[in-house]
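The structure is given below, and queries will be raised subsequently.
A, B and C are the chain letters, set down in written order, and residue numbers restart from 1 in every chain.
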Amino acid sequence: MAKDTEHCAASSSGDDVTHGLVDQRVDDSGTRRTFLKVAAAAAATAATEGCGIGAPTGEEFLRQHYKTLTPDDKKRIFALIEDEVRGRSGVTIHMNDPAPIDGVEFAYALNLSVCNGSRRCVEACARENNLPDDPEIRYIRVLEMEKGSLEFEEATPYYDREKVPAEGKFYMPVQCHQCDNPPCVKACPVQATWKEPDGIVVVDYSWCIGCRFCVVACPYFARRFNFVEASIPPDRINPTQGYLSNRARHKGVVEKCTFCLHRTRTGRLPACLEACPTGARKFGNLNDPNSDIRKIIESKRVYVLKEELATLPRFYYFFG
Amino acid sequence: MRLPWLAYISPRLGATVLLPFASLAAGCNQSEEPLHHRQLPKGGTSSVVVTVEARTPLLSTYPCSRCHFSPNREPDPRERKFTEFHTHKVLNHGTQGGWCYRCHTKDDIDKLHLQDGTLVDFDHAYEVCGSCHGDKFRDWKAGLHGLTTGFWNGAQVRRSCPNCHDPHSPAFAPMKPERMPEWPRTAPAETHAMGPEEGESEGHGKGH
Amino acid sequence: MLPLFRFVTSSLRSMLRGGRSYYIWIAFLLAWIALGGAAYLHQLRVGFVATNLVDHVPWGAYIANFTYLVGMAAGAVMLVIPAYVYHDHALHDVVVLGELLAVAVLTMCLMFVMVDIGRPDRIWHFIRFNWPVSMLTWDVIVLNGYLALNAYITGYILFTKFCGRTPERKKYVPFVFLAIGWAVSIHTVTAFLYSGMGARPHWNAAILAPRFLASAFAAGPSLMIIALTIVRDKMGFPLKDEALNRLRQIVAVTMLINLFFFFSEIFTELYSFKHHAASMRYLLFGLHGHTTLVPYIWSAVALDVFAAIVFTTKALYRRPAVLHAGCAAAIVGVWVEKGMGLVIPGFVPSPLGEVVDYIPSFTEFCVSAGIWATGALIYTLLLKAAVPIELGTSRLEPEAAS
């Protein structure tokens, strides 16, 4: 680090720093059947809360696939979602849809030498991504591993200790690896999940039919199904919500870690990284040779989980 | 023909495999080069500005010279048990010994010093750590060691060494973990009570 | 259009005609359907929390039944192959009854897929098919195609017979041959659904598709033997013993092949005893004290072996009661072995090594039973309509024809 980049200052969360990366995604097709639009709008005005079996509103029922939404559609849908959340919980949220940044491909690295199994990442992720506590949904699973073994059968996520790390153990957090050859995307019968240009595998929660084939296909146990209509206490709702990341999910759909794309596509670091007390987590742009992540991949002995499956994860582990 | 599924198979495979079963046939091409080797592009636009988190605001007894001034408190370089002040400090920093003035400066108590005697202030304490722990210092400077928050390609705040490691006893302190994951909803009730130690003895604490 | 209208009304009339035991049977089925419907509404209202599925075991009873029934539907083709490829006239007479079974069973398959979907209101999202990479997309396409094929073939043959004409070969035989290939494809694709999962070593085996076909061609004809016997005894269908004997021969061979495939798989997994064998160990012996599936799979193996002995031993299969017991053993044995016995171990241990047991919930049981009852009802009604046409007792009135 050069002398000119270091400067003593009080800690700043970075929130106040202005940045020019927020950008509304512009649709590439622009074509769309007008009658559906009209029908959706008409249905939306007549939308009710369904008839007790959790039926979707008319707008939701007819909502198109994310990739066919025009900027106008998005504006309309975001307003409807904001209204819906305000009506249900009284919380004013800000729906947004930051676009992938040109030339940026995200990757993650995790230092197993320093991870101490504190699960701070797990809970920070839950708060950031509006994950429910009952029944619990968590994107990150921290495995307590036996030293001398990388075999998951010898590991457990159910450790409950006074202090970690425990003698003779090490800890391996596992979350979505944002594979470049994602078996989950191949499995989806309706293209409700896909890989974005910046490497993040996303789910259109309004398109997913809930068949759970992607859950079956994932070798990293990274996908979660909504077994009930989740409810988050209003004071725990994170109001900054991305359409493809942490917005409210309804029951019957699958969700997953998105590397906090509503944060990372606006330049910030993922919530799990910032919550890590040991600094075990590193994130950045794979295309930038000066990024932390590139330096790790080039200078450390990194490895990926289940390499033999050729899933090409974007999540590297290393001992450093 | 639009082939969206080729987009996430590597371009190399996408170009060579033209059958509809590209994903199935892809397996044949994998011997060419290890798939975990990514093509890492050159160039890039890094605009990271790192700020090291200050040390002094976190020190309750700083500046030291409030107490440590001559002739009131003559420096006592002897290794001893503290009975009056700094009683909570435990020195457990390597086996080579050394006492306060290995890092603190006898003649300028508000400063630290490197092994070559160069004075540094407390906000630059990492220089002192780095004068012995060269490999970790190198990683820390490169952003590979230690907690850095903020923007991945912008303003970053990096924790200084002593903000995570007590310099007198630098091993990272064990901590209470957050709650463990919920047992799968369908697990029989009695297994919920299973503690970690029991779990290890039989079946490594598997969920039911 | 008039003959078609008559065909429909006449068939409906046949369906309503029946004795006391027939109505009791229909009422029994309707009661199960009502229970299943209520259970499904409950599942829709509260979500999949009504099932015992969890993220570790995301598929359970519904998909297990689905997998088994796809085999059943494919098994119906075993009647068609000898009848049309080898011109076996004994089976020719009953081919339509076998294809009607395929129609009923496929309806059940599609219902099991529907109840397994978290958002059935979004089923129209299939307009964005993920073709050709998603095996589930393939499955939906081939199942609906097979349903349409069988509905067309049986509908055409029955309708022309109803009109008093002889079915024209060129109007249905090409479709029969297409259906033969298609029957193999539906079960192959269903097997690929599993064997394509690199993440699940238990399924990731080339033997899976052959094993699926072998077990399907054991269970399907077994069910046909029982169904045809009932049709003969209760509805007076003139069934030649030769036809039943041909089916019995088919089961004898396929059940032995099925057992051989299963044994090959067990040997490969257990002899090398690598970590990937954990699922097989869980299935056969239990893992870390979890033995949920152990009694089931050994019962299934016992039933399969019993069926194989019955179908190959003349002293046993000569007696109708023993033969029917053997058929039931084959049907149930394959159901356990290929349903829960295949689907669940694929999830145990989970990709991160957790062992989570699964037993269907009450809701899942009721919904599954309701779908089985629906299938039985559909097949009953179809037989009720088809048999009189086959027997010539239900014919288009001459004045209507002219």
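The definition used in the following text is that a residue touches a chain if its C-beta (ideal position, glycine included) is under 8 Å from a C-beta of that chain, and two chains touch if they have at least 3 such contacts.
The shown structure was predicted, so the numbers you read here are calculated from the model rather than taken from an experiment.
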Topology of the chain contact graph, where touching chains are joined (line, ring, star, complete, other): complete
Top-ranked pair of chains - ranking by C-beta pairs in contact: A-B
Chain nearest the global centroid, as defined over all protein CA atoms shown: A
Intercentroid distance (Cα basis), subunit B paired with subunit A, Å: 23
Distance from the mean Cα position of subunit C to that of subunit A, given in whole angstrom: 40
Between subunit B and subunit C, centroid-to-centroid distance (C-alpha), Å: 57
Contacts with two or more other chains, residues of subunit B listed in rising order: 5, 23, 185, 204, 206-207
Where subunit C touches two or more other chains, by residue: 49, 54-56, 130, 133, 349, 353-354
Junction residues of subunit A - those touching two or more other chains: 135, 141, 153-157, 186, 191, 227, 310
Interfacial residue positions of subunit A with respect to subunit C in the complex: 52-56, 61, 65, 135, 141, 143, 151-157, 174, 183, 186-192, 207-213, 215-221, 223-229, 251-254, 306, 309-311
Touch list for subunit B against partner subunit C, complex: 5, 20-21, 23, 184-187, 202-204, 206-208
Footprint of subunit B on subunit C - complex, ascending: 49, 52, 54-56, 130, 132-133, 288-290, 349, 353-359
Sites on subunit A touched by subunit B in the complex: 1, 5-14, 17, 19, 103, 111, 114, 116-120, 122-123, 135-136, 138, 141, 146, 153-165, 180-182, 185-186, 191, 194-195, 227, 264, 267-269, 273-274, 276-279, 282-292, 294-300, 304, 307, 310, 312, 320
Contact set on subunit B toward subunit A in their complex: 4-5, 7-10, 23, 26-27, 30, 35-36, 38, 40-46, 48-55, 57, 123-124, 139, 141-157, 159, 164, 172, 174-183, 185, 194-196, 199-200, 204-207
